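First the structure, which I've put down as structure tokens, then a few questions once you've had a look.
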Amino acid sequence: MSESLNVGMIGYAFMGAAHSHAWRTAPRFFDLPLAPNMTALAGRDPERVAAAATKLGWDSSETDWRRLIERDDIDLIDICVPGNLHAEIAIAALEAGKHVLCEKPLANSVEEAEQMTAAAEAAKADGVYAMCGFSYRRTPALALAKRLVDSGALGPIRHVRAQYLQDWLTDENAPLTWRLDKSLSGSGSLGDIGAHIIDAAQWVAGSNITGVSAILETFVKERPVGGDFVGLGGVGGADGPKGPVTVDDAAMFTARFGDGAVGVFEATRFALGRKNAMRVELNGTKASLAFDFEDMNSLWFYDASEEPNAGFRRIQVTEPEHPYTGNWWPVGHGLGYEHAFTHQVVDLVGAIASGEQPTPSFADALRVQKVLAAVETSAENESRWTTI
Amino acid sequence: MSESLNVGMIGYAFMGAAHSHAWRTAPRFFDLPLAPNMTALAGRDPERVAAAATKLGWDSSETDWRRLIERDDIDLIDICVPGNLHAEIAIAALEAGKHVLCEKPLANSVEEAEQMTAAAEAAKADGVYAMCGFSYRRTPALALAKRLVDSGALGPIRHVRAQYLQDWLTDENAPLTWRLDKSLSGSGSLGDIGAHIIDAAQWVAGSNITGVSAILETFVKERPVGGDFVGLGGVGGADGPKGPVTVDDAAMFTARFGDGAVGVFEATRFALGRKNAMRVELNGTKASLAFDFEDMNSLWFYDASEEPNAGFRRIQVTEPEHPYTGNWWPVGHGLGYEHAFTHQVVDLVGAIASGEQPTPSFADALRVQKVLAAVETSAENESRWTTI
Amino acid sequence: MSESLNVGMIGYAFMGAAHSHAWRTAPRFFDLPLAPNMTALAGRDPERVAAAATKLGWDSSETDWRRLIERDDIDLIDICVPGNLHAEIAIAALEAGKHVLCEKPLANSVEEAEQMTAAAEAAKADGVYAMCGFSYRRTPALALAKRLVDSGALGPIRHVRAQYLQDWLTDENAPLTWRLDKSLSGSGSLGDIGAHIIDAAQWVAGSNITGVSAILETFVKERPVGGDFVGLGGVGGADGPKGPVTVDDAAMFTARFGDGAVGVFEATRFALGRKNAMRVELNGTKASLAFDFEDMNSLWFYDASEEPNAGFRRIQVTEPEHPYTGNWWPVGHGLGYEHAFTHQVVDLVGAIASGEQPTPSFADALRVQKVLAAVETSAENESRWTTI
Amino acid sequence: MSESLNVGMIGYAFMGAAHSHAWRTAPRFFDLPLAPNMTALAGRDPERVAAAATKLGWDSSETDWRRLIERDDIDLIDICVPGNLHAEIAIAALEAGKHVLCEKPLANSVEEAEQMTAAAEAAKADGVYAMCGFSYRRTPALALAKRLVDSGALGPIRHVRAQYLQDWLTDENAPLTWRLDKSLSGSGSLGDIGAHIIDAAQWVAGSNITGVSAILETFVKERPVGGDFVGLGGVGGADGPKGPVTVDDAAMFTARFGDGAVGVFEATRFALGRKNAMRVELNGTKASLAFDFEDMNSLWFYDASEEPNAGFRRIQVTEPEHPYTGNWWPVGHGLGYEHAFTHQVVDLVGAIASGEQPTPSFADALRVQKVLAAVETSAENESRWTTI
């Protein structure tokens, strides 16, 4: 690990903590071709960003992201701020010759995402790479799902069903955070969690969505203001002032894929009792597989060739032969949510060192963005079929 | 049990066997106000119907259903034939003053279903009753779900998700049975199994679907002919002649309910590995519940008042206090598929004896029929939102 | 089905209802070589037995079991009374040339069981057969487990773990029924439910237990008297008179099998929340399987040849190729507790008709009885290893 | 975090990697009263230990653990070597005034464990603390189990059933590692994994085991030598030389607890398909709970007060109110195996800073050691009941 890769990160809330852990942990469990340094953290508030840098292990801090990009000692910009800032930062960083890791969804609009993708394409010619942080791709069980599909084990796929069910907005007095403000977040459950299952479904299935018919719903039209705009939740005051929720609370759509499969998607934060049920199921002509993040170390696999004694089997994705897991613990000793971020760093650093495009690229993420846009268009247009 | 109720049944395939078992078994485990007699069985082939009558325990047989209706010693007509015959038989029976139990879906079109409902309304004035066989309502776990919703335990319902997943048509050489012929069955997965989840969802939720946006798909366009047109499946010859599949293989739709809930529905016989996954989940503001027929004696219930130690709990619906189960075995000794038919007989006989309308009525079933029609209309019309 | 088999049954509580259902149902779903007639039911109270005969479908009733045995029109005696009466009745019946189906455990002592086995051996020479009702052997999932082991799929077996967990005695005021009186029931959880897992384990593993080390425990030493001595439970009065519980509430033992496997067994009615968790798991050198009656239509199977993508798979034991299930419903449409009794009748009638010994024979059941006795001996003797 | 705590660790295999991660990660997610420094790592091979120090993040390395203890800049010795070295190192460290964290089982004999406990008691008077690394206590779901029992939610406990099932020795050609050599490991499955469930059961139940009756079994008597003696497994050569396995492959025992509960325990590395099934179930008079590490972020809880609609509920132990989880991710975003080690560091550092005895103390671990010894004694003595 002779050469180093100096990282500057912007934002230090939920995603910032996850990314910091990943940069810190990846070289301890994996052999990386470049040694990442946690060089600088950027945020607006000088005291808070300095405290966060100390806590999370960054060597220095900046209060302006532009300054971070200007620093010669930074090789890579890691963007962990709300979606309305992604385009400006990512494009500036790429133009400055910095690699970029950008949280998902890529942007708040297709237009922004297209500009970012163009910037990424341009930078790539100079050996500068951009990656979008659809981290679930690096959850070992989903990575094994992808491997099984790619191996042909499922045969042609007929059905995709994907759900991302959470319940943290069920309470009508949960506060009006930035995630409920369309100007900051772009959309609600659709972009926040729906984007994850769209990316996962397209990636695992190896085929893109070509059209959708959708409905969106906002169950709670206004919520208490004054809550923490950074964190995920918290409970505001029921009696205080309220502001309008300008995003969807739930998104549901049917879909068709380029290879002939049909799909059903649902994303919501109101499925009481479902905490992080990020689920993908595929039914092929030869086999099926099902994943649920609430049992994240398992992949359920049904192989029709075993009939009549076939059945969905729970593969504990902790074997040395499974994706990523050989670098961790003995079999059966499960991993957690944050490991996907560590694996993301591993793959990103590996791609940069070898001069290959890391995935998902901005172009991949743009494809997700277009589905998000099509869902919104269909929902605004009597659910009419909308092609991508 | 002084008075008797003489039953004449038409059809003796899958449904006929289930109904026969129910008529035979109900009085052995439940105290019925009328004693059902298995008086006569009707079918077209004289030898086969006579053999079936002996096997299934019917006292006599007829080769013309009209003759069954004419017989004075028959009080109730039980219709277990394909949907294209429902309307004619049911209307004739009701006009002849016979009670009717008709298998689902009620008919092959809304028009037929409306005529049947009108006939049922007219007959009711004379104390003659009609019931549609949405048997899953009498699965104890679903009946408990209904009871919990009715008690207010869930609060207002926001999400309904319902799936009916089977896989017996995955094989492209499965034969072209009557269930794949639109002129006989009306539709494919939509009417066969989709109807069940539409009825179950509306009934448990206590609210009707007001609009849908749908897609239908036929994966396998033609199949071997010559197979058994009575049974459920069997494997035809891959090399022989083929005929067109004229129904949907899969139906998917989003929905809105009268009370503000949103729903996602999917019915298919191509979900490899899912054998009889008839699933209904409801998320309310206070609690959620989930059912899957592949674990049919359980109901999963999440009660938010138990937070932070809440969790979906698996209620084994076998307690004496649960619907129907007190008449069977000790707790934990599960019931099977056919018990719902026995419970259906219990409730039907009870309603007739007490002069009350049994449920689901033909009007209830007509409501399902209208949803089926709206799904087809939407699917033919670019998935456009279609109201009911 | 030209010839008939006339059955006389003794006892009409929980087991009597299950056996009646089986005699009534078996010929409707299976082709039997002899037609069973439900000829007579015996019990002590004339009014109650007559009412039970009518309810359960028996043609006549008797108030003395000896009279039943004397009747020339009876071919088979079905014994559904507490264990203290098994030996006398079964031996008398066999000596009178009647086939016998006797509920489990075979007897209340090894001595009685040996006498019964001797009587069965003697009768067999005259074509008269005896069978013990370890009904769980005919639960399709357990029968498939046996088939898999017999096929060699598991390789040599190293571990057996079996549990039978119920909770209906958790309440200290549950009444003192006959099952808690050693003079009537022989033992408590040990003979009632422990016997089932001993038989199932030995049968599925294909090897007998050769020694045990045990502890027994009675948590609640006395209970309210005056409750129903026939039924399974019910709640007596907390303030009324109490009588001593003379049986074990829980039995736990380690075991060794003739083929080198080791085992752990536990039976209790105090495992709060476990309703009928009759569980058997076997670990071989090549595969493992696990069964839990609380999900009775499933068998979990792990095949090491699939590693690294192996996992316990949930086989829904409802395929036409599976034991017994082809005579019932389409795949995925589960069976219930009572179906095992119907299958027991099917196999018993088949064995009688073909002149073969039905299984489990009294000799098989005697082997279970010896394990029960060894458990008691070990428990009384500082858990010392006790051979069988 | 003004003051620091300088740590020296001995050993860098499986446990060393886990402990290193914990020391590195704890201060990033928790506010610690002392700042841990990863000062030095000790191992025998100079090159390997230096490489490991770099990889795992230790500032320096030593080739003699005695030298580590002599260093003035070390405050705490973390012992991650096989059990035969525990006593000597721990006692030397404590006598040198260093705090000690010692991996489990505490020692290879009761005698050693007693000496260690005496040393710990002596050191405690000087404010020097010793802790044994039964890390599973800090798995959030088990910590919640403990909290529930302590709150009285279960009432008096009647049943404990604990299993630790793995399968990595199923293959007869798995190599003869140090874990299979009694002189190094003390015992086999008993001390390696049985110790975990003994500690967990006693801790969660809040009561100690007072007697046992046991059997031990070694299925594979000799194995290939020459494999890696440090790692967990690997496959040696089937054709090469073999050496004797001198430990148990499986341990099974019944137990009684001081509070009247009865228990059944099983530990094995031959339960094919069970990868890390560390399971504890408790049945009380009011509630039950069940844990399985193969679904490590869940705790199953049955509350009888909810009957007849009670059921085991799957609590996802990821709420902010749950033990440790509030410092990590949003609800539903599960943790992994290594988090328990991080929590162990958090609690150890907290205890040292506040001058309180960390738990489990060496005295707690001695209690486990005595159970291990009693199991061996009973197994050698015809399973006779052996008190502790």
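When the chains are written out, they are named A, B, C and D in that same order, and each has its own residue count from 1.
Just so it is clear, a residue touches a chain if its C-beta (ideal position, glycine included) is under 8 Å from a C-beta of that chain, and two chains touch if they have at least 3 such contacts.
Just so it is clear, the model here is predicted, and its values are computed rather than measured.
By count of C-beta pairs in contact, A-D exceeds the other of the chain pairs A-D and A-C. When you average the Cα atoms of each chain and compare centres, the chain farthest from chain A turns out to be C.
Once the centre of each chain is set as its mean CA position, chain A and chain D turn out to be 35 Å apart.
Chain C and chain D have centres, each the mean of its CA atoms, that are 41 Å apart. Separating the centre of chain A from that of chain C, both taken as means of CA atoms, is a distance of 54 Å. Residue positions 274, 302, 310-312, 316 of chain C are each in touch with at least two other chains. Of all residues in chain A, those touching chain B in their complex are 158-159, 161, 163, 167, 170, 172, 213-215, 217, 219, 250, 252-254, 256, 260, 262, 264, 266, 268, 270-274, 283-288, 302, 304, 310-312, 378, 382-385. Of all the residues in chain D, the ones that touch chain B in their complex are 144, 148, 298-302, 306-316, 319-322. Interface residues of chain D, counted against chain A in their complex, comprise 14, 17-18, 20-21, 24-25, 28-29, 55-57, 166, 168, 232-233, 274-277, 293-296, 316, 318, 328-339.
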